[in-house]
Amino acid sequence: MVSDPTHRHQSVLQSLTQYVEERVPLEEIRKLAGKKKVPAHQHSLWYYMGGIAGMLLGVQIITGILLEVYYVPEINSAHASILKLNSQINFGWLVRSLHSWGANLMIAAVLVHLFSAYFMKAYRKPREFTWWSGLALMAISLAFGFTGYLLPWDEVSFFATKIGLDIAEKMPLVGPVIAYMLRGGDSISQATISRFFVIHIALLPALLLALLGGHLMLVQAHGISEPDDFKKLPAEKKKYEKFFPTFFFKDILVWILALNILFALSTLCPWGIGPEADPFAAAPIGIKPEWYFLAPFQFLKLIPPAVGPIEGELFGILLMSLAAFAFVLVPLFDKGSSNARSRVATVFGVVVLLALIGFSIWGALS
Amino acid sequence: METLNLVPAYPPLPFPMPVWLMQTLLILGFYLHALPMNVIWGGSIVSAVLFFLGRGNANSFSFRSAKALAISLPLFISFAITQGIVPLLFLQLLYGPAFYVSSILMATFWLGLLGILLVSYYVAYYIIYRVLKGEFGRNTAVKASCLMISIFVAFALIASLFSNNLTLMQTPEKWLPLYSSSPHGMNLNGNEPQLVPRYLHFFVASIAVAGMTLGCFGLYLKKRNEDFSKWLLKTGSRIFLVATVLQIPIGLWFLKTIPAQFASAFMGADTLVTITFAVSMSLMLLAIVCTSISSGSGGSKAFVAGLVANALLILAMIVNRHQLRLMYLNPHIKPDLVAVNTQWDLLAIFLVSTVALIFYLVWLCRLVWSAYHPASTQNVASS
Amino acid sequence: MNYPLWVVPYLGGTWVVGIISIIHVYISHFAVGGGIFLALAEELAYKRNDDRMYAFLKQHSRFFLLLTTVAGAVTGVGIWFSISLVNPDGIHSLIQSFTLAWAEEYLFFVAELATAFAYYYTWDRLPREKHLLLARFYAVLSVFTLVIINGILTFMLTPGKWLTTHNWMDGVFNPTYFPSLCIRLLIMLAIAGMYALITSSMIKESKFRTVMVRYAAKWLLPIFMLGPLATIWFLTQVPQASIDTIFTGIQSSGVGNFSVLTRALYLSLVLSGTILLFAFFGPYLNPKAFTFRIAVLFLICGLAATASTEWMREMLRKPYVVYNYLYSNGLHKADLESVTRNGYLKQSKWAGAIAKECTAESDQGEAIFRFQCMSCHTLDGYRSMRRLLGSRDEDAIANFLNILRSTDPKKNNYSGIMPPLAANDAELRCLAKYLAGVNAEQRKLSEQLGGLPLKTTN
């Protein structure tokens, strides 16, 4: 009598499992998960970064959907709707702060992920496509940041967007066209809000999810990349952790930590909102873009008005584009067969990283 | 008149017990705090010297006695901190209006004192678990000696901060100028004429107490290691003797630096103060006589007599110290004027708990003793 | 308001107390919870006759002793020292009301410490059942230290009937006494588990490490089950005004000034909640992969949770030190009216003495600011006055101060979080003049930019 209910309970669970397994290839997924393993070495820490970025993306999707419920993409209501969200909607301030802080943390995590992959030479054969998709994902993340920043329509966001688009306009040939299309005219207006809104909530998410799917599929197909030092080890010295459950549960711990940081930032420094944007007012003194655009911004400020025959800003943009393009080409340059080329790639990465950090700090302080 | 106004008022609440009882508890509490405190301060420098003298040989009496002091040091620090609760509590209750102000005037240093305490407390454990553990090496004793000196310096600083605060609280006329010069709690009472002799008076006393502590180790080892025990009794007595004789000129200097009307209280103007002072002087003479006997012979009976005389001497001196404080504070602070509403119920609970605690501690000591002397417990059990 | 005020630039006196307290709470809760842990774990080792566990406990108890008797004791004295410096009026009232409770607490400290030393120094020297007895004695004695201090801590938030009777029993056994005791005991068990995870993660042998890591993780279960209930019980006993402040904050956290309490509450809930998730996914489900590094991260999480919880508890009590009795700037509630009528500088000895030394009105205002506001605000750091003033001009500041003077919550939105301003009209003008000098630069800047100085605002 006593064992009866538990027995029945088990059989219900069993039949349910059976029902699902007949229709979903659970067994194969389980096998895949069982096969997957993560190299354990002193640089294992960096393997967590992609996961953090992914988790934060989840936070962005959820909070983004919630924000869409209240946000009005209309020039006279946008600012008011955010103000209402911050001051009248229960937990509105929290959702918005999570979204804003989450965006910053996510971009930071993607950046760290990108550079750690770069320095561990994870772009080499056969992972070129993983690397390129990753670069595209970085670009999309930045585009998210740029488009999302305008939407609250306050003074700072308006002028930061204006300056950003003005810089984009300087690009040869395509610049003016792109800037015009993004603005929906010659100046930032209702059309700009509408365009940025659609790009931010429809276009970019679709692109991002598709690319991310491909990125993850490739990671799954090739397994986790191993750094050179680890590869050289004799087989018996190579230590691996099972992805499931060992690494996965550790991943969760790291996510919890990242979530804690996000919550602490959101509650201790909730995201405020400045006065409503006034397109006809003069730009406030010392306006700066978000931190992830600070380095290029500061770099452009330093370049003299004209470098030889070329206009200064254009020269700067070309220079930075070249550096970015080098990141695209690096898998073709450093294939792992030449030590000298590998070293060149590493040195180049260090220089770019230091420049990014240096210019960002300089920009923040000036 | 201006200074009078600056002494804050007591809170509008009654005292929970009579003033005389609180004063008694303050004196007794400080007594129990002062004993371990002196052992730490004097013990650290005595131990440093002994470590250095015994640096060549792990079996030398110097090294062994230094090690014994080092091992007991954290226990004494713990006692000193815990026993500090009582005097601090009653000092704040009775003379808080003066004590809080002087603490605030030197707030930054006053809090910094605890940082120094924390670090030196850990250094004391570091000596035990990292330096003295394991093989006796060439540098073991020298390292221990250096670390002991750092502990000594730390406690010397702590003591000087206490001297500063407890003298500053007695002189309200200095408060406003100090506060005007720095509201950030960066003041000290350096220009107080009493400060240096008072500080030296306490420092030399702590050396004397450290000597007594060595002698006590000798008493403890009497049955097991007669040679070492004799050496400890002799050395301890000598340290005590030298320090106490040194104390006489320092004490006279101290007496000279306090205002004449207060000093005269010790010389007959106030009967009670004079009697206490006379008792402490005779106890000092007694202690000197006893320890000069034991410093020659290493005899335990003379030492025990000296130890008891010294213990009473410290108590008498603490009473004198309290009387001096009252003379200073009398025009400014009058705890007698605060209403008293004795909490008899709690007082009864407190007394019962105190008795229970004493019984518990005795039981605990016997238990620990039995753990370290398995043979002797059987004797105790059979007798 | 009786005492000189210790000016701590940027940090403010409150954070001096706060930092020391948070560290102390984290260690002292371990001292109690860890005592219970040692007693129960040693009982387990005794029953199983498990030598590995005995060896582990011996190791763990050294860590315990070195942390609690040293850093725990010194930071404990540190709280007392720092409160004496930052809020002497408050501490004096507390020790005068509960002198004998403090004295009783001291007796338990002595017993607790003596037992801790006896326990630690008799490993392998006493028969095992006697040693276990010592562990149990320690656990009981350390709980009693909490039983007393908890009365005094909760008294400050909910003095209850003490306000009329001034009887120590009413003060100690106040409305939040028992819920708070429950919460603290639960937290102590959790913290004991977290510290045990640190020492467990260092065990060399992997099988035994797995066992101990899992065992230690289970100590977080009680708070997981009972914590929410105890918290709700606690909140039902908290003064209605504080609860109102929480609910005002739920809506206006993004813009209002009232929301700090609410946000601290969320942070505390989220951090505590994630600790349990952490314990579940980390040491419990995945004990094999639990490393020292993760244990340290975990401990840091715990510290953050403790800090935010204690911060929230402190904030609940605003604007009082002893609720409805003594304001956080040392002003007795009963004296407020007479001080406002006769002038603050006349009744506050030190502020008056400082003001007497100067003649300029703004300097007199500085004296009022220092003695009435700086117990919570700093000029440029925590709750920075320069930032909070924005670009208000002297008239706007005076209007604002006038609002702060009201004790009517309908007229003064800040009455739930700030003590009312105690100043007569002339003093209010001095204070406004001084504050207008504090933010003069910002005002100039905003005028240059074409913005109008804010005229009226609350």
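Should a chain be cited, it is by its letter among A, B and C, assigned in written order, with residues numbered from 1 in that chain.
Criterion: contacts are C-beta pairs under 8 Å (C-beta built on N, C-alpha and C of every residue); 3 or more make two chains touch, one makes a residue touch a chain.
Just so it is clear, the structure is predicted and the values come from calculations on it, not from any experiment.
Note on connectivity: the fewest chain-to-chain touch steps from chain A to chain B number 2. The most centrally placed chain, judged by C-alpha centroids, is C. Ranked by distance of CA centroids from chain C, the top chain is A. Chain centres here are Cα averages; for chain A and chain B they lie 63 Å apart. Per-chain CA centroids place chain A at a distance of 38 Å from chain C. In whole angstrom, the spacing between the mean C-alpha positions of chain B and chain C is 32. Shown for chain A are the residues in touch with two or more other chains, of which there are none.
Across the complex, chain A meets chain C through its residues 83, 85-94, 96-97, 241, 245-247, 249-250, 252-253, 256-257, 259-260, 263-264, 267-268, 270-273, 284-285. Residue ranges on chain C touching chain B, taken from their complex, read 2-9, 16, 66, 69-71, 73-75, 77-78, 80-82, 84-85, 88-89, 91-93, 95-97, 99-104, 106-107, 109-111, 113-115, 117-118, 121-122, 125-126, 130, 134, 166, 168, 332, 334, 349-350, 353-354, 357, 370. Chain C meets chain A in the complex at residues 250-256, 259, 263-264, 266-267, 270-271, 274, 277-278, 281-282, 285-286, 288-289, 294, 297, 301, 304, 308, 449. Chain B meets chain C in the complex at residues 2, 5-17, 25, 74-75, 78, 81-82, 84-86, 88-89, 92-93, 96-97, 100-101, 103-105, 107, 110-111, 114, 117-118, 121-122, 125, 175-176, 179-180, 183-185, 343, 346-347, 349-350, 353-354, 357, 360-361, 364, 367-368, 370-372.
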